[in-house]
Structures are given as C-alpha cells and as structure tokens.
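Naming follows writing order (A, B, C and D), and every chain is counted from residue 1.
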C-alpha cells in the first residue's frame, strides 16, 4: 500500500529530475543528464507498476482518493492537493509513463548532437510531471494545473530551437490557440463550482448522479458545463476549429511530437471527457456536439493529410483525425472504446513519429517525402516498425488500431447515441487514413531514391533509437489483443477493466440498456449467431473494407502507376489546390481574427490607449508636478524668517480650527 | 478669595507664548531668535505647572522637567551651531544665512 | 503693638533683615582687615597697623576713601548694564545669606511672635534656592566684563563665566552626597541629621565630597588659586578693570559675601552647622562662648596696658570693655541657650575663612587651561564617583 | 487685594515687560537680560503655584546655565547691534500681524473658555499646599523612568554634538 498512500512520489520523481537537470545540468556530462532524465521517468514507471500491483489488491469499485494538504481555501471555495486513482487513471498512467520512458531513451540518440541537451531533458521531465498531475488529479483545479503545465511544456518544447523563427512562432501559436479553449475550460470549472459548490470529482459525481438527464432540446447547466469543458478539450486535443496549432507544432523535435503531440498531451482532452463522463452522459446535446466535432475532424483532417508532402505534417494531420475518432467514441457513449483507441493510438502514433524521426535522422534532416524513396533496404528496422504501425493505424485486422477503431465505429453505428452520418464520416475517414498512411510508406520506402545519394548517405539509427521503435512496434501490433476475444463474441478485457469506472455513475435504468458497452450489446446479438459467422462479419465489416480500399488506392497511385496521381490532380485541380492549401483555414483565420486583432491592438490599444491615454496621463502628471514644483519651490527662499512665518500661519490656522471645533461642540 | 485663579496663569502663558512667537518672527539675530524659542518654552512650562496645580497631578511638573532638559540640550547644540555659522558667515543675521534655497 | 502681632511675619522679617545687613556690612569690612592681617603674618609682615590699634580702623578708612572717590564710567560702556552689574553681584551675594540659619529655629527664646530669630527665610528647599541665587551670581561678573566694553574686562568676564559654569557643576554634584545622607533640602534637616557631636558630622563619610566642595567653592568665588578673572598679572584687574570707587567696592564686598556664604554652606553641610562638636551631656560647654569672650577681653586689657599709646589705647579699651560685657552677658543664665548656636556657627565659619586666607597666602595661581582641565577632568569625575559610591552604600545599608 | 494677587500681578507685569523688551531690544545682551527677568518672575509664579522645586530648577537650569551660555556666546561672538533687515516681505507683512493675532486669539480664548473657568475653581486650584518634592521624584523615577533615561541619552548626544560642532568651529 506504500505507493497508493504516497501517490505523490510518482509525480515527485519527474519533477525532481526536471529540477536537477534544469538547475544544475548545464555543466554536467551527457551521461549524467541522461541518467537523471531517463532514470526519474523509469523510476516513476516502476512506481506505476507497483501501484497497479497494489491497486489490484484493494476493492477497486470506487475512486481511490488521497488528500495531501489544503492548497487553496477562500471562503467555502477550498481546493485540496488530492490525488485519485481508478482503472482509467491506471491506463493513462501506464501509457504516459511507458511511452515517455521510451521517448526519453529515444531522445538520447536523437538529440545527441543538439545544443541545450540538459534543457531538453528537463523540459521533458517537467512535461511528464505535469501530465501525471493532470491524470492523477482528484479535482478540476488541480487537473487544470496539469492541463496548463503540459501546455507550457509543449510551448517550451515546440520552441525548443528558439533561434528558428518558425519554431518560436509555432510555439506561440500553440500556446495562444490552446489558451482560447482553456478560457472555456476555466469558465467551465467556475460554473461547475457554482453548481456543485465543489471542484472535487467525487463530490461532483455523487451530486450529478442524483440529477435529471437533460434532453437534447433543453440546455441546462450540465450541458453548459460540458460544452465549456469540451471547448478546452477542443483546444488541447486540436479538434475543429482549433486544430491549427498541431501541424505547426511539428517544428519541435520529433521525440516531442511523438510524446506530446501524438501520445499523451493531445489525448488529455479525451481523458478529460472520459473522466467527466457522468456529466456528459447526462448532457446528450454535449455528447452529440462531442461526437459531431470528433467525426467531422476525423474526416476533415484526413482529407488534408492526403496531400501533405512533409512526412511529419502527414502524421500531424493523422493525429488530429485519430483524436477525432477518440472523441467520436466518447461522443457516442463508448468511453471505453475512446480510451482504448487512445492507448493503441499512443503506441502506433508514437511509433510512427519516432520512426519518422529516425527516417529524418537517416536523411539527415530532410522531411519532404518527395525527396525520399527506396529507403526500405537502407533502414530496415525503421521500415518494418513503421510498416507495422501503418498497418495498425490503417486498421488492418489483427493490429492494434483495428480493434479500437472498429469498436468506435461499431458504437457509432449500433451504440446508444448511434448516428448514421457520423458513422459514415468516420468510415470514410478510416479509408482516407489508410490511403494517406500507405501513401506515406510507399513514398518513403518504395520506388527509386529521389534524393542525390552522393550527398546524403543514409544510415540506420543507433541502438537506443531503434530499440524503442521495436518495443512500440510490439505494442502497436499486440496492443489491441485485449479486445480480441470480443471478435468471437468473447468479453473485451479492456472494456471490463474499465467497466467499473463508467458503470459507477450510470444514468437511470431505461438508458443503461443501450448505454451498456458495445461488448455486452454484441454478446446479446452473438447468442443466436455462431462464432465463426461473428468473426467473419467482424473481419469483413465496413471499416476493414474501407481500410483495404485505401491500401489498394495508395498502391495504385504510388507504386503501380506513379503518374496516375498527377493525372488525378490535373482532373480535379480546384479540389486539389483547396485541400493542398489546407482549405485556406490558416489564411481565413488570419483574415478573420488575426489581422483585425493586430489592427485593433496596433491602432486602438497601442497608439490610442497606451500612447495617447496612459502615457499621456502619466507624462501629463509628471509635467504638471514639475511645473507646480517649479512654482512652489520659490517658497523655499532660504530665508528662515519666512519659514517661521509659515509655521506661525499653521499655528494660527490650527488654533482657529480648534476653537471652531470647540465652539461647535 | 485668596488664591489666584488658574485661568490667569493660563492667560499669562498664552500671552508670553504669543510674544515668543512674535519675537521668533520679528528678530533677525540668530541668538535672540533662540531666546524667543526659549521664551515660548517657558510659557508652555507655566501652562504645564498651572494645569498640574489645577488637577492636583504632578505629571505636568514632570513634563516641565523634560521640557527644561530638552531646552538645555537644544541650547547647547544650537549655540554650537550658531558659533560655527558666525565663524563661517561672519554674520549673525538670519537673513544673511540663506544659501540653502531653491 | 497689635500691628506687630498681626503682621508678625512682615515686621520680624524686616527687623531681621536690617540687623543682618548691618552685621554683614561690618563683618565684610573687617573681613578685609582679617585677611590682610593673616596674609601679612603668613608672609611675616605686620599688615595694617597705623590706622587705629592693630589697624582696626583701616576698613573704615577704606570705606570712606571708596565713597569719596570719583566715579568714572567709560564713555563707550553700555551704561545700563555697566550700572546693573555691581548691584546684581552684591545684592545676589547678600541675598543668599538670608537662607542661612545661624542657630536653632526652635527652643527657648529662639522665636519671637512664632517667628524664628536666627534665620530670615526658612524654606524646605533652602539649599536649592541658595544654589539658584548663586548660579545667577555669574551675571554680575560677566555683565561687568561685557558692559565696560574694553578688552581686559571682556576677557575677564569670559573667563569668569566659563569658570563659574564649569565649577558650578562639580560644586552641586559634590553636595548631592550630603543630601543623600541627610535626605532633605532644608538646612535644618541637614543640620539635624548630624546631631550628636563630631562623629556624626558629614565630613567623615563625605570627606571626598568635602574636598571637591571646597575646591569648587574657591573657584566659584574667584579666589586664589582660581582668581583668573581678576588675574592682575595678565588682565590688569580682570572684569572690574574699568570700575572705580564704590562700584568697585561693591564687587569686593560681593566677593567677600560669597566667601562667607560658601563657608556657611560648608559649615552646614559638612560640619554640623550650629551644633556643638561635643555631646549634649557635657554641660560645661554651655559656658564656652562667654569664657572665650572674657578671655579675649582680658587679653585686650593686657595689650592695652602694655603696648598701646594715645588714641589707640582708647580704642582698644573700648574694645576690651565691649568684649568683657558681651562675655558676661553670654555667661548670664538667660542668654546661655541663645548664644550657643551662633557661637559655634560663627567659630566654624571663621575657621573656614581663615582656611581661605591661608590658601591664598600659600598657593600660586593656576593657568587657565590647567583650571579648565582640572575642573572637568579631575573634579567632576571625582565628585561623580563620590556621588555614585555614596548612593550605592546607602542603598546597601537600606537593603540589609 | 491679597498678597498672592499683588505678587501675581507684579510678576506677570514684569514677565510681559521682559518679553516686550526681549523683542524690541536691539542689543542681544539686553534681550538676554530681559529673558532672564522673565524667567525669574516665572520662577516666582511657580512659587506662588506651590511648585518650589520647579521654581528652583527653573532658575538654576534656565537662568543659571542656559542663559549664562547665551550670554557667554554673545560675549564670545561679540554680537553687535542687530540690523533690522527686511529681506523677507512675508515675515514683515504677514508674520508679525499673525503672531499678534495668535497672541490675542489664544489669550482671549484662555480667558473666557470654559476650561479656564472650570480650572479657576478646579480641585487643586484652591489648595495652597506646596507640592512635595519626594512625590515628584517618585513619579519621575518610577512612572517616568524610561522617558527620563531617554532624556539622559538625549543630553549625552547633545553634548557630543556640541563638542563636534565646536571642534569644527575652531
């Protein structure tokens, strides 16, 4: 029970690492920095494992809650520094610590030749600390702390090469864009407190449990809260319309993209929605919005991903769309599925990024896929691992992505809040996903080398980079097998593991029938049909077909007839340019928000308010006082008798005053 | 009635104080200005004593002591300053000692 | 008659003042004679001899001379102050004597109409008043020095004021020890506290204080060896260089009056005032004054018979008869108690005056810086130490 | 007219005259003498009020020490007749009249204020007993011990200051 009672250790370790590296690491040898950075994360990973061991021994039916000290106490607004653990947390903890451990190891190799080595590791550790805070937090405010903290670290790491203008800009963009969402999040927290007189998850949920479900038409506080919180999620998890920062965030080092912008931070939104599921379940409208946003984003960014030429940009857009899937899952009530996808996605997308990083490393900094090709032989490890990840994300049966995505789509089609159009969007998105992913693979590894081989000599990455790749590959291959039995009508272990969390605050009975996780729903269906049929149906389901189609198209366009792609482009030029320019969203935002804002802040705030009003007042005051001083100082004539006269004048005045007062009395 | 009313003393002290104030302004010689200050202090002392007598409390007299002490200290330092001024400026007229101004 | 009984205070005080003034004037005059004689004998001279027997009429002659000399006032002098200074000096010097008790205030024949005979003003803070008056005494000298508007007097005045301020401090401090022992500001209290013979006098515990006091007192009265304000070798005659005739005489009288005051004070503070040195039980001591006078008379008679010729013989005969009569009166039973106090008191005072003259006859004059450093660096610390020590001892005695 | 009244009026008259002289005299020494006069008469008034000790201290410290210091300094600097310059118009036209006004104001107020009248027949006003010095010393050395020490320190500092200044003066 040690770790369970001392949860803070898990947080403290990375923080300690960050502090050590950040404050002292400047003059340390690389090995010391490594051992601190990686060691701290590894230790907290071990702590998590121990935590799980202990967690399995206790009655895990409800939230395990640990209060450490009272942090804020204003009136009856009290916030404790309290941590809580349940199955959902455990999953997140595992993902976060595991992936970040791998990324740390990977970074040793990848960042080997970079300046500010210690800074990088200190940031990474700090990020881990904040992410774990976010995950372990037992109340909204503490969660918000982690929420902002990861934002900060993401900003720092995106702008890690702060000499590069684009990098710093991207950092700012990320920070500001997220901030917009966080604004909603903050208000959501306040509203939640206003409603429940507490920000503590336990109390909120117990109060919610007694509340009425708000119908789609009637918008109550719950809906408002959910929508506001979701706004934060939209910002943080790069959904429409706030996704714009994520592609730019690729300016950061690749490990960062892998850890923060694929595996962990961006999924914080999903985690939050899942964590707040009692509220969402009772606000159908909010649920629908979540689902809608998720689906649309999934499809939309998939389309953008089609034509990206920068290998990391492709991955970025695919991340956006995958996040969309997760939200879709949560939106249609299949939180488990969403989280499941989150986990698998953490594996394969992290892997993809790391592999891409390895490719870039091999191409010594080249990111444009059109200048690659035929790397299959030169960097086999990277190739194989990446291929596995691609299969996974494309949703080829048997691989991790398949199970999770399949569950989401299934929930979208058959779940309680099933909606055909959302399902359709998701489906098409899945097809597009597999298309652009295979396009990426083919462009990168197949065909002839399109780079000049004398200049660039391609080399496989060092061991400490490839090992994480392999580990993650295993993860992304086998990560989904928890759910495998469910194909043949068995139970979905992941589902059942998370079941207590999502079952604890169910909405009243008549809904539960539908709200039951897809697994059981499937079982009911599975009674009359045989397992073989079941398996067949699952393997030939629409998602699979879509995935295979995508694969074939990609093969056709980029292996079989490379020029076909161009012809296709000629055909639908308008659409091409539109998509190629990412629907001009950045330009639109620029025109709609940024330019007016700039104009206002330049002309109104700066030139008028600041220069004219504020400076005017200040200088004016200074001027006035100088003038008056110039006049008044004449009084100091240096003649003591005048001073004496002033004294006497004061005395007379005072006496008159006294007498007056006395007379009045 | 065989005893002088206290208010007489008070009036006297007020008058003396006023004259001290007038002298304080009117005189030009630093030393005499000091004397005017001493006069004011004396007037205040008189007021103290008469109040003490009026309320049968000795505290007033104690204050008189303190006033006297302060006056003595002030005279010591002040006269030392006067001597220095006289040595430096060759004049005791307050209005000639006017370097410290705007 | 009933006027007297009604306004006893007024009448009796007036009478006392007149008597005291008369006595004081004559004694001042004869103090000069005394001094000159003693100094002369110290320096093995005869001193005044020709004017009257043993020059006894010399003071009279001097007085007449002063009265009839021309009174010169320097044209540049500040007339008012110039005039004021000597009066200030003399009047203040004399006023102090009003506070001195020459004998017991109570007892047989000690009071008339309930008013004590042997003291003019009896206050329970008499000592303070005495100090107050003496402290103002400075002005006489200082103003004289300033007003006569010439350099020697100015220097003399400066010196004297500085000297008096500096020595007044240690004078006062040296006395506080006695005050602590006596626990009273009134002369009577102090004298009463030394009841019972020589051993109870304050000289013994306060010997240090006494020495400080006597030194400071000499300086305070501008006497040798501290007579720098009138150091004839340096500043012609100090602050009274410009003064002539009776104003000059006033300064002189003031100086002698101060001497007397200081001696009285010493007597009261340290030597048991008007109390006799012998314990009460010795009754024969009551006859001492009478006996003394009679012996004096007898000596004078012998002198008259043997050495004197002509007019001097007549005078001395008068003196003799006076002495004898006085002695007989003193021996008379009714007068016995009254004369005791004054007798002892005057004897002690005269002794002190003799000491004064003695010192003048023996010691040379200090240098000014010596004077100052002596006053501030030796006298003041010693008297302070004495004060602290006394206080500590008293505290300890009181405690256990 | 009883004795105290006569004493009071004579002394107060002397005091006021002295103050007047202090103001109008051009010769610093005369001003000093006038001030001494005022102080002595004030001392007599203290006696009249039964504060013998204060009276004595007044004369010893003020008349006997402070004023002697003044006279000494005047003699030392040989301060001549004060020249009546009028560089400060303010003092000439506002100061003196205001001072006069202050005098009349306060005096008048004191005269007819209720405070004055109540005090005139206040508790201690009619008792002629003189204030006992022991009580005074008790008060001074017990209740006001700390201020007493503070003033002693003040004096020490004053001495040092005077020394330093005088040294620089030489």
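Here are a few things to note about the model shown:
As a convention for this text, contacts are C-beta pairs under 8 Å (C-beta built on N, C-alpha and C of every residue); 3 or more make two chains touch, one makes a residue touch a chain.
Please read these numbers as outputs of a predicted model, since none were measured by experiment.
Of all chains displayed, B has the C-alpha centre closest to the centre of the whole protein C-alpha set.
Distance from the centre of chain C peaks at A, each centre being the average of the chain's Cα atoms. By number of C-beta pairs in contact, B-D leads over the other of A-D and B-D.
Between the CA-based centres of chain B and chain C the separation comes to 36 Å, rounded to the whole angstrom.
Mean C-alpha position of chain A lies 85 Å from that of chain D. In whole angstrom, the spacing between the mean C-alpha positions of chain B and chain D is 6. Between chain C and chain D, the centres computed from C-alpha atoms are 32 Å apart. Counting partner chains per residue, chain A has residues 637, 639, 641, 644-645, 648, 651 touching two or more of them. Contact with two or more other chains is made by residues 53, 57, 65, 69, 74, 76, 87-88, 91, 95, 99, 102, 106, 109 of chain D. Judged by the touch criterion defined above, the protein chains form a pattern that is neither an open path, a ring nor a star, and not fully connected either. The list of touching chain pairs reads A-B, A-D, B-D, C-D.
For chain B in complex with chain A, the touching residues are 21, 24-25, 28, 33, 94-95, 97-102.
Across the complex, chain D is touched by residues 2-29, 31-32, 34-36, 38-39, 42, 45-46, 49-56, 58-59, 61-62, 64-66, 68-77, 79-84, 86-87, 92-93, 95-96, 98 of chain B. For chain D in complex with chain C, the residues that touch the partner chain are 27, 29-30, 33, 36, 40, 43, 52-53, 55-57, 59-60, 63-65, 68-69, 71-72, 74-76, 78, 133.
Within the complex formed with chain D, the chain C residues making contact are 78, 80-81, 84, 123-125, 128-129, 131-133, 135-136, 138-139, 142-143, 145-147, 154, 157-158, 161-162, 164-165, 168, 185. The touching residues of chain A, counted against chain B in their complex, run 633-634, 636-641, 644-645, 648, 651.
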